[in-house]
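Encoded as structure tokens, the structure appears first; notes follow it.
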Amino acid sequence: MLLEVSGITTGYGPTIVNRGVSLTLGAGEVATILGPNGAGKSTLLRTIAGLVKPRAGTVRFGGSDATGQPPDVMAKRGVVLVPEGRRIFGDMTVEENLRLGAYARRDSAAVDADVTLMENFFPILATKRRDKGGSLSGGQQQMLAIARGLMARPRVLLLDEPSLGLSPLLVKEIQAIILSIGERFGASVLLVEQNAGLALSVATRGYLMQTGQIVTSGPIEELRDMSLMRELYLGGAAVAS
Amino acid sequence: MGTLEISGLRKQFGGVVALAGVDLTIEEGEILGVVGPNGSGKTTLFNVITGVHKPTAGRVTWRGADITGLAAHAISRIGIGHTFQQAMAFPGLSVFENVQIASEHCRHARNEAYPWPSPDALLSFVGLQDLRREIAGIMPFGNLRLLGLALALASRPTMLLLDEPAAGLNDKETAKLVDLVKQLPGHGISVCVIDHDMNLMQRLCRRLVVLDFGSKIADGPTAEVLNDPKVLEVYLGGAL
Amino acid sequence: DDTGNTVKIGVVAAESGSFVSAGHTLPAGVSLAVKEINDAGGVKVGDKTYKIELVKRDDRTDIGTAVAATQELVRDVGVKAIFGSESHDFTLAMTKITQPAKVLHFAGNSTLDTILTDASVAPGGADHYLFQTEPREFQRSGSTARGVLSLLQPMVDHPIKKSVIIAGNDATGQFLSSYYIKALKAEGQEVPDIIFYPPDTTDFSPILTRAKSLNPDVVHFWYNGDSTLTALPQAVELGVAPSYFLFGVDPGIWKERSLSADVPVAMSCVPVCWGESSNPKAKAYFQSYFAAGAPKGVTSSVSLLYYDYVHVLAEAWTKAGSFDPDKVVDALMTLHHKGVVSDDLSFNAHHQVTHATEVCAAKPGGDITCSMQQPPADAPM
Amino acid sequence: MEIFIQQILNGLSIASVITLIAVGVTLIFGLTGIINFAHGEFLMVGSIVTWLAVSNGWGFPLALCAAVVVVAVMGFALERGLFRFTLDLPTNGFIVSLGLIVVLQHIVILFWNANQKSIPHPLTKVWEVGGVRIAAVRAMVIIVTALVVTLTFFVITRSRYGRALRASVEDRDTAALMGIPVRRYITGVFVFGSALAGLGGALLIALFPITPFTGGTIVMKGFAVALIGGLGNLTGAVAAGLILGIVEGFSAGYGLSQWTDAYSFALMILVLLIRPQGLFGGTSGPRIT
Amino acid sequence: MKTPFRTILPTLVVLVLLATVPWLSPTNRILSLAITAGINIVALYGLSVLFGQTGILSMGHAALMGAGAYAATILARDLGVGFWLAIPLSALVAAAIATIVGFPSLRVGGHHFVILTFAFGQLLTIILTNGGDFTGRATGLDLQAPLTLFGMDLSPLPRFYLLVLGFVALSAVASWAIVHSRYGRTLRAIRENEKLAASLGIDVGRHKIGAFVVSGLFAGVSGVLLTYFLRHISPTQFSSFPSIYLALMVMIGGARLLLGPLAGGILVAFLPEMFNLDPVESRILYGVCLIAVILLLPNGLIAGLLDGWKRLFGRRPASSPAAASRSSVSGG
């Protein structure tokens, strides 16, 4: 397994957020974590990326221990988080944002090529290359955040609600991009999504998280039809796909 | 005559034309949807109406009075409330205090149908009554969205502009939101909503406006607009 | 009998904070005098002999602390006299405490001139127990001006006619220079400009260039000592004038730091010079002063504004035969003391001393000559 | 006329000293978000080290190097030991620096007393060109400043590193997610800024005598220049330093000299009101709440 | 309301305890330092409204104190105005100056405001220094006016102490009333998120200036007390260092809790008294203590002690506001 999380417990101050969470992610795989608001999905991703120190449990990456490593080390090793809420560098230009994504890389020629690649994925980024990140529309910022994450050429990409604020057209494109990440970038994806349609259509495996714990997991087809899933997550409505 | 009338509204940021002359009317008691590709000018439209940005050209009138370019707080005080695309609250204060502050600055009591006499009533309406003592800044995202809605409602608006209220919510939470928003016209609050979730828009709005590159490219009943080939092409990328 | 036989006096001065380089001279000078008196057996008052106990308080260059220290010394410790502080607005606030409490107060701030009036020093007046240990400013300015010009004239080869004053824009600078300009004019000098600099100035070149444009024969740097020594090398670099005068800089520090200039430089000391004095007593004084551990500063001689007056006070106690403040004031008013600064230290009707001022001048080669100048009797018009 | 040219030169020389301080301030304040009011005391320590070294017979160049090294090491220790615990609350860092001011000043006083200290000018030559006098020390300071600023400009704005620094001050967590070793960079900038303070201190005592309190009065000018030019912006610091130097020189030289500081404060107020981001734009610095 | 009243109770208790001090035969040094501290605390309560509630830090606050002090002195000198009338008049003068400074400065936020207030403070000192006979130049002004209440002389230290304590109590109550009023909530809203505040009908600019002016009122009163205590004032007392120290006191004590200014003012005034050392060594230790306090109790003395108390005695500590405002979801 490329990424193995076992028994992770996290919290902020006196509150415990995750309790003994375990999950795995294979090479080239796309897995998704689903769960209601406040379940602790983002916290788990932040823990894997090194932003939150776990109180218990271990994170293993590529066969070696990576528990509690700082985020820059994780990024250098290839674990990259596209954080919730975009976190664009608003005072810096779009291109600077992109290049920052590749900060840990040393192959500057390939970085240039990747900037072009991202601009092909999201043509608006080319148009706005010299504009400040902060002046972008919400959806444009989301594209930039995803592109910035890809610029690192990660081995594991942690995506926290990537479809947030994107137009239906772009959600479809994102869907395609996620599906191609495995072969194009040789990376695995751990996806947290509220747009169940998107999550269920790209992932092969899913975890259902509730109040900080994994309550169910399994192949996506099984998960899709579970009643708990419907109850917790979909509010009984039909899944749009 | 509509409550809020917009004519020839134009906004430029340097060379970027975010709004290229938009005409739009929001009627009393309706829930109007605004959709469009990312960067098409939807948020800018709201920002110009609510006084965050001054328009480059054009006029906004509210019940016949010119309100173009009024400051943000003044707009709120005449009864036009709004929520932000990035969910916002006063992070260091309790949920209750958040709503309390928001309810203290309206200068108008024209909306007789306004049903929430106290911050707590509002919190029950959005379903946050149990979290009233929680510090807003550490609530999960979904609750923050609901709080944002409560804050906007607390300022006793007669019109509410919602910018992507369902972003970050799952289907279950979205359903709850739809439920809430649908009640608003009954309480004397007209609504204009931006969102990329067509499911939501279909359930919420009878009329839809589509922006593209800062111009209105469609305006009509939701079902018709969503089948407009132009809209399919630039926005939906094919049938739903 | 030890406990009954001590009398307490206090010093309030900046022993830390930004005024410390001038402030530390006070406790050093006073301690030295107290030690001398005690070593000689103590003060005889009436038929008893008392040792003097010195209570030092640091004002931390903060007026609130200075006031609290004074309250403590006056009310808690019960000192009979207070010395300090050298910061004149602190002193003014301190007098508001010492005077109602009838505690003798000695301070070397010439600005006290503004409050020491016939009415205020009269018995029952607001400042009856306040004494200024610095001559009246017209006297110091007058003797200084005369001394500077007479020492410098032989060292330059043309008549000295034009003087420019450069003064710090603080209380002392503003007050002193207003007298000095009159004194220079009374000596026949043309004074085209007096240039004030903000107290924190380090780069004087614009001001000096401005002075240079007036073609002065002498540029007078008029307090404070640190700024003066900062400015002088810059003036020399710019070739501002054919001679300079530094107020309140001891020749001792000039030699200590091996300073030099390519033109003659006059220095005046407050009140007599450390380093190269024409006054033999001063030499001995500074020897024991530094031997007691005081650091060598730009204005180490300021300690003499306090040292002599501890002896004066002791003499007055003996003479009055009592510590009763009113009797001591009467004794002080008639006393003539042989001090370091002068063989005849006495207070005038306004509780101010009068003494000569010493001015020295360093030739470009390094030789320093000094001379005492008697103060003028009357203020110039 | 030569007086006028002389005044321009004076302004330039004032500007170079201010700029050198401002560069340190603008880097530390603008790129790490640490509000180090004790920067002036770092400078003073640099001067004291130089003074000690020169008094012990070292040559000035060697003494200068010693000052740079000592202050850099001190900066390293203080950043690791104190400031890093205040990174999330810049105002607390500010209090720490106020405490440091008191501590550093009085440690120096404790060991070497409060009196003014000076060293002989390392260069004594004064050139006279048509009535205008140029002192070699001042020329040296101007040249060293120019060199250092250019070098710094090269290092800091070398796109990758500079970008990473600006990103770090804007959003530390996200910058770390990009693989930027934020903590290490912050330390690096702090140490570099401290080294500049050491250098500034050495040059300062080459020009003027100093006291343990000299730093406090100069550092405000550094902050003023950093803000006028735009935080973290080197070009801005240089331009603003020049402007402030010239304004100060001319107001002291031609205006009501006792109002000199008033002119520079008024200028600063004016610039910040008209262009809050500074003349050349910069980072938005730490959030103060 | 019941709950907010609980928040003023500890402060009132402390003040009542402090009121007994003159009967414990304190030394006059202590009394005198306490008076100086109390005078500062009056100003600190104003700063706590500005900084603690509105999130704006002023580093020119001593200058506003100076405005009050000079106003009172000049009023007494030229118009024979006594202490009790000088209090409101000088407070108004300080508030007026705060308005003049606030209008332009508050257009820019954050650290720019800090530096601007600092610059304005310096400017005011320079004006006082060069103001001719009217302001007494660098020498400053003497105050002659007596201080009486119903014919009783208030200048003896214990009485003056009680007078100052009375003003401290008044300012604490005033500051508490502001914090728990609608107005206080409005200010907090601005501190937390200006954009959102504006969208809810709050005139952000006006309220920020308002808060600055209110803090100016406190500073003005404190200036009057100072001049009646020292009876001599000069520009340097109101220059940059006093201003910086006021800011430091409010942060050390903690600006958001009512006991904060009290704690900050007392700590900074009495900390140096605790060391019976040589002056220079005691200064060093003082600096070290400042650093230690702020590193160990980053939210100020009082908040830190409260947290410690709660941790020791079980109750869940209040989530620190600092952590909250860094959470990713906040705006502003």
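A few comments on the model shown:
A, B, C, D and E are the chain letters, set down in written order, and residue numbers restart from 1 in every chain.
We adopt the following convention: a residue touches a chain if its C-beta (ideal position, glycine included) is under 8 Å from a C-beta of that chain, and two chains touch if they have at least 3 such contacts.
Please read these numbers as outputs of a predicted model, since none were measured by experiment.
Of all chains in the assembly, those touching chain A and also chain E are B, D. The set of chains in contact with chain B as well as chain D comprises A, E.
Should one ask which of C-E and D-E has more C-beta pairs in contact, the pair is D-E. For the pair chain B and chain E, the distance between C-alpha centroids works out to 42 Å.
With centres set at the average Cα position, the gap from chain B to chain C is 75 Å. Note: centroid distance chain C to chain D, computed from Cα atoms, is 36 Å. Residue positions 126, 129-130, 191, 280, 283, 319, 323, 325, 328-329 of chain E are each in touch with at least two other chains. Touching two or more other chains at once are residues 16, 169, 198 of chain C. Multi-chain contact residues of chain D (touching two or more other chains): 106, 109, 173, 258, 261, 284. Within the complex formed with chain C, the residues of chain D that make contact are 3, 6-7, 10-11, 13-14, 17, 106, 109, 113-116, 118, 120-121, 126, 128, 133, 135, 138, 204, 207-209, 211, 213-214, 216-218, 248-254, 257-258, 260-261. Residue ranges of chain D in contact with chain E, taken from their complex: 35, 37, 82, 85-86, 88-89, 91-92, 94-96, 98-103, 105-107, 109-110, 173, 220, 223-224, 227, 256, 258-259, 261-262, 265-266, 268-269, 272-273, 276, 284-289. The touching residues of chain B, counted against chain E in their complex, run 50-52, 71-74, 76-77, 81-82, 84, 86-93, 97, 100-102, 104-107, 135-139, 141, 144, 151-152, 154-155. Listing the residues of chain A that touch chain B in their complex gives 12, 15, 34, 36-39, 42, 84-85, 124, 131, 135-140, 142-143, 161, 164-173, 194, 196, 232-237, 239-240. Partner chain C is touched in their complex by these residues of chain E: 27-29, 31-33, 36, 126, 129-130, 137-140, 142, 157, 229-234, 236-237, 269, 272, 279-280, 282-283.
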